[in-house]
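The two complexes that follow have subunit A in common; it is paired with subunit B in the first and with subunit C in the second.
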Partner chain A sequence: MRSLLSKTGKEGSLANNGSALSLLGFALSLPPFLLVLGFVGIPILIGFTFSLGFTRGPNRVISIIGQQIHPKTHWWGTLAAYSDVFHDSRFVGDLVLTLAVTAISTVLVILIALAIALHQRLVGGRTASVLATLSIVPLFVPVVISAWAIHTFYGGDGFMRSFFANIGINFPTLTSTSTAIVIGSVWTSLPFSILMISSGVQAVPDALIESAKDCGASTLKVISTVVVPLAQTPIIIAGSFTAIGIMGSFTIPLFLGPNQPTMLGVEISNFFGAYNRPQQSLVMAFIVFLAASGIAVLYIWSNVKSAKESGRI
Partner chain B sequence: MRRYFNPAKVALNLSVFLLALFILGPILWLGVHAFVTDWKYPHLYPSGLTLNWWSKVFLDSALKTAIRNSLIISPIVVVLSMVICLPAAYAAGRKNYWGRKTFMITLFSANSFPKIGLFAAIATLYYTLNLMGTFLGVVIIQLLGTIIYMTWIPAAAFASVPRYLEEAARDAGANKFTVFRTITLRMAMPGILVAIVMSFLASFDEAQGSYLVGAPTIYTMPTEMYSLVQNYPIQVAAVFSILLAIPSVLLLGLARKHIMGGQLAEGFQIK
Partner chain C sequence: MTTKKAVAVSAAIALALGVSTSASHAAMAKVQTIQVYISADTNIQDLWVKTLVPAFKAANPGYDVNVTFDLHGDHDAQETAKLTAAATLGKDAGVDLIDGGFVTTLGAAGLLFRPTVGIIPNLIDVNKTVLKAGKGGIPYRGSSVLLAYNTKNVPTPPKTLDELLTWIKNNPGKFTYNAPNGGGSGYSFVQTVVDKYLSDADRKALVAGAAPELEAKWAKGLETLRQLNKYTYGQNGTYPANNAETLKDLATGLVDMGTVWSDQFASAVKAGTMPSYIKVAQISNPTLTGGASYLGIPATSANRNKGARVLANWVLSPAAQNLIVSGTLNGFPVIPLAKLDPTATGTFAGVDIQNLRAGYLSANANDLKSKWASTVPGK
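Moving on, here comes the complex of A and B:
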């Protein structure tokens, strides 16, 4: 119902505004745009030229500080730093781990969030709101704390091991394993997905669910043919944000993951700081960016599709 | 018989229990450590209780400096973010202008570059601009993380203010400014509040960038945690964690109703 109302509101607003282009609107939007351009766009662009071996101008200082810098050999640069990275045995392991952790964690987050949202929509009641409130809790906790808390909880002296030892089970030390990264990633990503997906599922009109039930559809059928398709856009938004966040995460794999292989977020930081190889570090950042862009495209496509369907474009 | 044993109900209660253990277990476990002398595997009880770790934190000048830095930097970041982003959010929510969609998508793409890689790239630029290890450098890094919240969420809030209310007020003789203040701004307020809270937390909790750019001259609370967990006993980290979590709990408690009411979710759908 809410979505229906907001849609008519949108159409009304378009009619009011007409399609007259506002110069004031353009001017007002400039400050954040320029800030992002100056401190995100330009550094990324400069970083890209640096990864290709352009060592002069803004890259001069870092080229003096860093080690194993490959200056350009052609007019367009060189791929030497890229070849360094792909021939580094650590990198391949890191990339596989990063993609695997991202995929598994994202699927888990979406499944848990969907289950809670569906329970809230179709059954409701006190248990449902307890579940929803519980799953929002990680939003209240800074990631440095949650990473460290999970580290101690599943660690050698942690609660899980102590508790199971008392009932005679030897619980494994999960800290410093890739399982712990998945646990940490799911923990921190859950609130955003719950908020997105439950808002999408709540917006499915009662009438549609009721009429599907009247036609004899089972609960599973109602979920798979009515609720999930209608909440598709928020589900995809939640999934893409979660995946992008996990893929570039740093604190969680730093505190919870193994030393080798590690996730690329940690390796980028190691190469930049500890190993002092900034060029290779940026190469890795661009590889992660490439993967994240693929997911970002999915997000934008899904948004545009839903805007078209509701007649906003 | 069915009244006493309902498998669905048992499964539901079990999943509530498991979720509670999964979510609350780690933070309670860490929190309790702020008050214990020692706790070793495989004991289910600590060796003793103490408040000594608290005085240890409050007497440590490095930790106190970190607390002070965080409490100064984050409010500055939020105010700057509001000044820079709220007019743009109003424009994106209410006006139609050239490049509006590109603008929203650009802000999003900025978010999809892996944070740590972006910080490495920014550090390259910071060396050239002499911003490395400076207060301003840390402020800018944290500001970048707030932009997406401070533009998208208020933009959706401004867009959803019904036009007929504004027109009715205009018809009744209110001037443009009064209409904006008493109707548009007031109705968009929950969204703006959520944006402020999320921005404050994004800034207050930001660790990777502030560490890369600020350390070793400027430490904030989260960046101090990196060295804390390596150099201090777990109990000190526990005390520090509780202190670090206080603002988040207070602020989110304040805005919980609006966040769960869909303001956050609304904001992340490009319109």
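Moving on, here comes the complex of A and C:
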């Protein structure tokens, strides 16, 4: 979308009869835009009006079936469902857990991915390629399978406990803890970040690294002043994608997390299904949406920055 | 290149398959297809797909059955919405027969084709109270939640709920029940503990209709459950996510006692995934809940007077009930045992299958699940 728009802008400025070309560009960008508007934008709008208590029109059927529905009391709606959520004893714990797991997992993912990428770039060799190849494996394992595998690995009768019991150590049961969610999230998010970051790190020209070394820079100095700043855009993109993915995750916290507090992805599903409170579940969805938007701003900023640097805008 | 090739090949295969299925459809144009929608666990999927449907088709040529399966009823709310919308617009919802927990909700909303002995003759053998409780649903099998125990460590299981609660406190970490929003066996234990403090009239009111005013009376039972946190399996009051996990914890010996569905337990024993030294028993005062599962024919189904009615009637026949009892499911029948194969019904010794204590109406059950989640785990 962005690239299409920027391309039309560029071509429009090149040609004198640019208006016809930019119109064509606009027309070309319309189908995906309309698709997003129709199938994502409008449902979001309908969902938002329902969270405010608009219970007629497209929201009529769900209002008949749902429990604890608050119809609007003012012309603009009502905040009763929002108040329900903020006064629910579960919500604060869920929100804190969601944000904490997202932050910790993302930092861990970026650090591990960066370490593997740097090792591959600066040291290289057979071990590095084997490590990089192995780290991609989780990409091909469905999340539900890996979640269950981690569950049996760290469970009460799992491998870790059995192994350590043999040498007389009582290894803790990690399933049903937030630690297990972090382990699962890191495991499933790592491949994408490694692909993204290692390609960014590989793109740093040899000449720059070598000239820094010639000037007497230590490896650490090369990493911190040359490689990482040059790979900043892919690192930020990997980080924001990872964070958004983990924030909205469902399978990992469902299988590996505690019953309460749980991550908002699971709680939204509980409220929508098990407790039959669609309005409150939508309110939570909008809160996750807001938090994810904050991360998205970071992503857009880094994209704009890299576009400016390469002279595209 | 290779991916492109793979895409092209798979597209060609899909095309060929599409052509061949449409050709076979054309050849059997006279066959009427009955759309069955199942919202349950995989044991019920097996019952329909592997047992009932083949037997029905063999007994009734001219009918085909297409089963749509929704695991754990994850889409009950959407399916209910779809059926409600179809009923409001007077259109066929594309579903002829539903097997799922939300059938009674549909019945209460007046969205089901009312079954009578006139249109479904085999209903004559079904218990009238059970039929009436379905609000338009057709009871076709029963199951109950039971207490499973490891005979190696528990030679004599608790007989009453009070004895069970004492046992849990005396044997920390050896009992579990799954989170009520993840499966009915854990839900049943929660409702049973809550019911312990309710009068008979209150219990009946919560089964019969929405009764938000009675929900405050759950507090005592929920407090009892919260106090069990430090005695149940798992740290800080964590509970298995679903029915299957409780069964796994019992089979692997992590716990000595837990609540399980009668049919899932019997299937696990038959499949060899549950060791023979794990047994089940019912408790009393109050008993763990159980009840009939209902089939529903949507009022707007185009097949309501044709295939759907024929299939529902056949499911209540002794031949089909025998399959429900003796097949992989090991369900309870809804017609008198005298009409069934005596070798298959011998396993019901010790469980009173005609007097099952019912669960709450779904609206009340949803509230109980929500209250449990906010007051018990991790508190």
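To be clear about the criterion, the second predicted complex is superposed on the first by the 279 of 313 C-alpha atoms of A that agree within 3 Å, B and C clash if a C-alpha of one lies under 4 Å from a C-alpha of the other, contacts with A are read in each partner's own complex, and residues count from 1 in each chain.
Convention: a residue touches a chain if its C-beta (ideal position, glycine included) is under 8 Å from a C-beta of that chain, and two chains touch if they have at least 3 such contacts.
Not measured: the values here are computed from a predicted model.
Trainee: Looking at the overlay, does A:228 come into contact with subunit B only (first), subunit C only (second), both, or neither?
Mentor: In the superposed model, A:228 contacts neither subunit B nor subunit C.
Trainee: When the two structures are overlaid on chain A, which partner does A:144 contact: first (subunit B), second (subunit C), both, or neither?
Mentor: So A:144 only meets subunit B here.
Trainee: According to the stated criteria, A:187 is in contact with first (subunit B), second (subunit C), both, or neither; which is it?
Mentor: Once the two structures are laid over each other on A, A:187 reaches subunit B alone.
Trainee: Looking at A:298 after the superposition, I want to know if it touches subunit B, subunit C, both of them or none. Which is it: first, second, both, neither?
Mentor: Once the two structures are laid over each other on A, A:298 reaches no partner at all.
Trainee: Quick check on the superposed pair: does A:176 touch subunit B, subunit C, both, or neither? Answer first, second, both or neither.
Mentor: Second partner only.
Trainee: One more residue to check, A:46. First (subunit B), second (subunit C), both or neither?
Mentor: First partner only.
Trainee: For A:161, using the defined touch cut-off, is the partner it touches subunit B, subunit C, both, or neither? Pick first, second, both or neither.
Mentor: So A:161 only meets subunit B here.
Trainee: Just checking: does A:100 make contact with subunit B only, subunit C only, both, or neither of them? Give me first, second, both or neither.
Mentor: Touch status of A:100: no partner.
Trainee: For A:274, select first, second, both or neither according to whether it touches subunit B, subunit C, the two together, or no partner.
Mentor: second
Trainee: Taking the stated contact definition, name every residue in subunit A that is touched by subunit B in one complex and by subunit C in the other, in rising order.
Mentor: Dual-contact residues (subunit A): 61-62, 65, 156-157, 255, 272-273, 278.
Trainee: Given the complex with subunit A, which residues does subunit C contribute to the contact?
Mentor: Touching subunit A: residues 73-74, 76-77, 80-81, 84-85, 88, 179-181, 233-239, 241, 249, 252-254, 362-363, 366-367, 369-370, 373-374, 376-379 of subunit C.
Trainee: Flag every residue of subunit B that touches subunit A in the complex, lowest number first.
Mentor: Per the stated touch rule, the residues are 12-13, 15-16, 19-20, 22-27, 29-30, 33, 39-44, 84-85, 87-88, 90-92, 94-100, 103, 105-118, 120-125, 127-128, 140, 143-144, 147, 150-151, 159-160, 162-164, 201, 204-205, 207-208, 212, 222, 225-226, 229, 234, 237, 241, 244-245, 248-249, 252, 256, 259-260, 262, 264-266, 268-271.
Trainee: Could you pull out which subunit A residues touch subunit B in their complex?
Mentor: My answer: residues 6, 9-10, 12-13, 16-26, 28-33, 35-37, 39-44, 46-47, 50, 58-62, 65, 119, 127, 130-132, 134-146, 148-150, 152-154, 156-159, 161-163, 165-166, 187, 190, 192, 195-196, 198-200, 202, 233-234, 237, 241, 244, 247-248, 250-251, 255, 264-265, 268-269, 272-273, 278, 281-282, 284-286, 288-289, 292-293, 295-296, 299-300, 303-304, 306-307, 312.
Trainee: So in the complex, which bits of subunit A are touching subunit C?
Mentor: Contacts found on subunit A: 61-62, 64-67, 88-90, 156-157, 173, 176-177, 254-255, 258-261, 270-278.
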